[in-house]
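Common to both upcoming complexes is chain A, partnered first by chain B, then by chain C.
For the complex of A and B:
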């Protein structure tokens, strides 16, 4: 008992000093809370949910980027193509499945369809991730580590071209999309009507992030992934198979991007260059919070969504991309390693 | 247990080790001594698999490990405590230790070893929730050695544990190594603190410009003219 009372004041002092050390974080948190409240007042529940939906998706995509950069030192510019593949897989799984399930008339099956499509997209994404890692990055890694970051960057840009143009070649430039996953009336929340699709997308984003977080923090393999991102040599010395962890990481990142592409199919549709916007925004998120910072990427995803929503509401829809970019430039000028100031260890080590 | 046979090794086009042969028997405490740049760390890095040898062979319990990858070598029972320590600085002491036992399948064995290590280094138990990167130099060395022990290795390669430590901490690190040795762990120690090292080890090899120039029982080495002149400053 005595021990507890003695640590209590110490703890507050501790928090105070930590706050002082992290002024950017404090400023950003206060700013985002104010923005959230303002958006809530002006836009109501639909806008707030919008923030959660887009924020969750940016967070999913950005976490993938952060993982790939942190663990493998790859500045991944083909991440949008994983999103695109996810959207296509979801479309091609969902459309025929939905017809079959509608014919049976079973409500359960009809509601199950979208989830099957999204899970299929996630699986396809992870398979694609394994293939890309094994056939593109692993051979390069085994050959030389010289100039790795630049080489890997160029490879991802090339991959992006191949995947986009390959898709155009195979499937044509047409938009393939659905108007909604769930053919049910909108749900009323706080006096506003919100499409079930959006609620499901938000839930999927949050659940996926939660599972990833648990995986990285609490499981042995997750711990090994973090170990590799902190010290590659140390990780090998304790018996971690670097190749396995890197392939796994890439597969995870690709799968997450595919899942977001699939669950946003009703918003984005599927077409060869659909990945561009998600790619830009997820890069914007990781640059804002600091490369390779996974926790930061999750927070940053929601932050960017807040900024987007705020701009839409208070300045105008056409400024939606301008304001976040200006903010990014300001952040890069004032805090070059991002708001959460994580050092980019990997690049300097290379 | 460990046998380096005419080992050549180096970085890219720079050959560092020339025809190095070292034998370590089970239960022995061996020192590898030499000045800066003699190739001591390169020897350990080559054994651990971080550098591929360009010639010769490395046998561990009769099996060649010369071209095996580092994680395989680690899982075979060789634990390398590097000079740079290579700790996971953003993780807690406990997480670092548990990762040390990454290759150990049974959770119970992991926890038993953890208990044992906390007994050996009570300081680490006090700080088990602290981030490894925020600890002092001496504590980090302790942690690196402790992490190396978590896999219950048969052979430990320890690289310059006294580097940058004040004398009483060096003494503690050496005491920890002696405790390890009592547990039956075979140790190959690289050190610049020659005097203290020769006091605690069984045998020593002397490496000069990438070649083994002398070897023998540590006590005899201490009396040797060349060693006294070059390394002990007497």
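For the complex of A and C:
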């Protein structure tokens, strides 16, 4: 009995000190719970599910961004262009494929079509990632070390310029999109009708993140990637092939962006500058949680989606870009290394 | 005896002249080129209106790159919201000079006056931005400026009573004339004012402090430089001139929309010119901007079947320069000059 009474205050003190150490996290959690409830009251189930769908996508995009920054120290500005390429590939694979499959009349094939398109987009994305890494970042890495973060950032800016305008050059500025992947009626969840495409997109985002998480935690290559993100020289000392890991990371990140571009084709039609909005939002996420923080990026994706949805509901659709930006500016002022902080090398160097 | 004395005298007069123009940031060659550009539009084939328009755009881009390089090349912070600052100046000036009744406010001041108000407002925001980025370095500062730029563009898009949002507004022009020539001289004078002012600042002790902060803020602080002061000063001045240029844009083109003016891609264009011209030189951007605009406009008018080709070339050039020749054009020039001097010494 005596023991219990002595540990109880100790425990509360413990929790209190922990809370004090993580004030940003506490503030953000309370704020997001309130926002979640408010959105639930005002918008109901459809809005909440919307948060889950967009949140999953921002999380998928932001994990790629965090991965690239964590492992290669590249603040990736051309991430939105990977999204754009994914959307294009999905469109060009899906539309002819769908025609062929519709002609066969087989239900299985018709439902398989979208998945083939999304997987093709992922593959195309990884190929693009390898090409970019080998032709742009590898030469820069061999040439210069000082001021790397800033130089790499500006390089990706140039890259985004090339990819956007190259697409305009090759395919023209036209919009290419589909109204939906799955030609089936909406599903009723909690009294709200949700398109199957949205559910599939959310599932794809969560499954991809899950696979990535498993890959990083459980496989040897995944551990090597995390090792490089923690200490480049140390990783080299234990025999990790740095070039391979960096190329792999970049390919993975690009593929993830391409997958999200492909699975959101019904929301974001494919056109050369479609990547801008996803780029903004994935950057909000990584700035919110701390550059290079992969686990944080997953949570952050949903937080930003919550904020976006809240702005849309309570302030207005056109303020969607202003309010989150202002919040991010405040975050940058008060906690420059993000609410969860990041212990990745190179963040403070530059 | 007599002849050698006059030669020496001539030499000293020449040297005096060179040192005077060096102080305001010109080499003899640069001065000659500037005069050539200044008189160019008076002679055929350069007196055609469309070529004068190209020259105006060249000077506009050149002036922007100078103001941009003042931050990026010296204190080593890439101001990613540069275009938004420019747009803020443009909109402020446009609104204050507005006489048409579609807006709530129609003060109808002279554009010659309002461009300075625009510059002041942009400078004020630059001051705030400088304070905001104080604790941040490198990529964080760039992202902060970027976010501020996005927020500003969103504001302009949303405050439709004031700016008409995405529909765009049409500010009055400086002069009601079908000729472009007066505008060319306006922007040329603006460019020179900006260049000479910034060159004088950079040439003084303040410039040294900028470079020290750019290379290593902690070391700079340790040697008695107050980074706060210099950083904020740098941002304010750069933003002030960006706002001034925005005012020119507003009253020259006579049409403003947020997406053609304040978009991030506009910052990237300026950034590309400043980097191709050479970081930390100020003049590099000017020498590159004119041929570049000509080249790009030439491509655009002759290969109109391939939209976006000129921008792809833009990007490729920027990426190639960053990877393989980070010193840019000014670095190449200094290298070539030192080579030629070395060769001359060997022969004599």
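Just so it is clear, the second predicted complex is superposed on the first by the 327 of 350 C-alpha atoms of A that agree within 3 Å, B and C clash if a C-alpha of one lies under 4 Å from a C-alpha of the other, contacts with A are read in each partner's own complex, and residues count from 1 in each chain.
Note that in this section a residue touches a chain if its C-beta (ideal position, glycine included) is under 8 Å from a C-beta of that chain, and two chains touch if they have at least 3 such contacts.
Keep in mind that what you see is a predicted model, and the values were worked out from it rather than measured.
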Query raised in the report: So which one touches more of the residues on chain A, chain B or chain C?
Result: C
Report task. Check the residue A:269 against both partner chains and state whether it touches chain B (first), chain C (second), both, or neither. Result -> neither
Query - Partner chain in contact with A:321 - chain B first, chain C second, else both or neither - result: second
Query raised in the report: Is A:224 in contact with chain B, with chain C, with both, or with neither (first, second, both, neither)?
Result: first
Report task. Using the superposition on chain A described above, determine whether A:149 touches chain B (first), chain C (second), both, or neither. Result -> second
**Report entry** Which superposed partner A:239 touches (first chain B, second chain C, both, neither)
**Finding:** first
Report summary line: After superposition on chain A, the chain A residues reached by both chain B and chain C are none
Query - chain C-touching residues of chain A, taken from the complex the two chains share - result: 75, 136, 139-140, 143-144, 147, 149-151, 153-155, 157-159, 161-162, 164-166, 168-169, 172-173, 272, 280, 283, 287, 291, 318-319, 321-322, 325-326, 328-329, 332-333, 336, 350
Report summary line: The residues of chain B that touch chain A in their complex are 48-50, 69-71, 74-75, 79-80, 82, 84-91, 95, 98-103, 147-148, 150-151
Query - Parts of chain C lying in touch with chain A, wherever the complex brings them together - result: 76, 78, 132, 135-140, 142-144, 147-148, 150-151, 153-155, 157-158, 265, 268, 271-272, 275, 306-309, 311-312, 314-316, 318-319, 322-324, 326
Query - chain B-touching residues of chain A, taken from the complex the two chains share - result: 220, 223-224, 226-227, 230-231, 233-242
